[in-house]
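First up is the structure itself, then whatever we jot down about it.
As written, the chain order gives the labels A, B and C, with residue 1 at the start of each chain.
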């Protein structure tokens, strides 16, 4: 009987699947796109500084800019991996929200490095708190999945509500 | 009734799902594998040059090679992220095609950097046009999904046809 | 009739899908999280060495540490891409196992670079064998998918058993 139905069912299941997948990742895709735009902005800044350097002072500025760009690029794959894992395992809205805050922190870090003002943070790791929050979301998502598989109890909705509330705590300075 | 059916249905849905997922990503996986092979090729080139350096001229060559490799590696996560988002959100064939063109451009960039010929491009960003095309695909895919969810109209097939036609424009030098 | 059922079916299919997706990626997510923790450990090591440097000897130590960290970070996106492709295309357990071995090799590489002992390997590429194994898994997965689509024969279960057995060979030094 299943065989007989399969042509219609297959199309129906496939269509449903894609809508459901898109429903659960489109915010993550948006944040990823934003981060790509930011990467391109950083790269263009470095490129512009590189072609325009003449005096010694500009050379130092280029050095600083290049270093800030490198630090940002070094943590970029880590950020993307944690963002997507958290979004897929648990809930996309808090993950995307944390991702946007991370991008803001990164922008401030880059500009601060540039301007040599008091904002300037020399650390290799910025946004540790956000990465920690996203990692925690992954762990909670996996634990919930294991509990659902072996114990039969599903706390996903409660956890998602708590996560949404907790994500606003990231706004604290 | 759903409960009663669930054993057979569950297996059927799961199987259908995996075939559908693989159908929609295997070209992206192939392009990713190609890019990994290229990465390994670049790394081996740098490693070979590093162990073999003696004279000052070779040291400069190593410097150039290492710099070209670094520029390629810096944009690699960005490229992967945009490639997969575009492939999943809209359509895999044009995304994979753009990905392969990107790999060709990268190869030319690396070889040009090596040979100090007129091909040599000092920019930090190459293949900007391809990254822009892939980002546009993501945005179009998300807009289409939102229109489908809130408006009920689905232009995905038209958009996919247009995208396939547009991707050939990337072949223009 | 499908239209009529769709409200219940849609929920059922979507729920089944997420459980199935989580079933097939949670080990990969765990390995990714472990690699993120390792990245943070490396970055903190570099940061600590950077802020504490005074003498010339410490400056050399920082140089070495920074170089080891850079080599690890350069191959990180490649590793993640191959890990996930292999896990999704074929089977997650052997992929996750190979991923954990890769993390152990990376830890040994970093510590060896640090200590200037006989462990120290100056190569840009470490864990080539593991990357090769994961790439092979991707290729086998894609070939199996194409055979299933065009030929109708499905060897996935045999291949998964063979892959699991083969992954233990990675333990050989």
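Note that contacts are C-beta pairs under 8 Å (C-beta built on N, C-alpha and C of every residue); 3 or more make two chains touch, one makes a residue touch a chain.
Bear in mind the structure is a predicted one, so any value in this text is a computation, not a measurement.
Chemist: Between chain C and chain A, is it the same set of residue numbers doing the touching on each side, over half shared, or a different set?
Modeler: Counting which numbers both chains contribute, under half are shared, so the two copies meet through different residues.
Chemist: For the Cα fit of chain A against chain B, please give the angle of the superposing rotation, nearest 5 degrees.
Modeler: C-alpha superposition angle, chain A on chain B: 120 degrees.
Chemist: Please tell me the distance, in whole Å, between the geometric centres of chain A and chain C computed from their C-alpha atoms.
Modeler: The separation of the two C-alpha centroids amounts to 19 Å.
Chemist: Multi-chain contacts only, two chains or more: what residues does chain C have there?
Modeler: Within chain C, the residues that touch at least two other chains are 13, 17, 77.
Chemist: Quick one: in the complex, what on chain A touches chain B?
Modeler: So the residues of chain A touching chain B come out as 2, 9-10, 13-14, 17, 19, 21-23, 25-26, 29-30, 32-33, 35-37, 39-40, 43-44, 46-47, 50-51, 69-70, 73, 76-77, 80.
Chemist: Over in the complex, which chain C residues touch chain B? Could you list them?
Modeler: Touch residues, chain C against chain B: 8, 12-13, 16-17, 20, 74-75, 77-78, 81-82, 85, 88-89, 122-125, 128, 131, 135, 138-139, 141-142, 145-146, 148-149.
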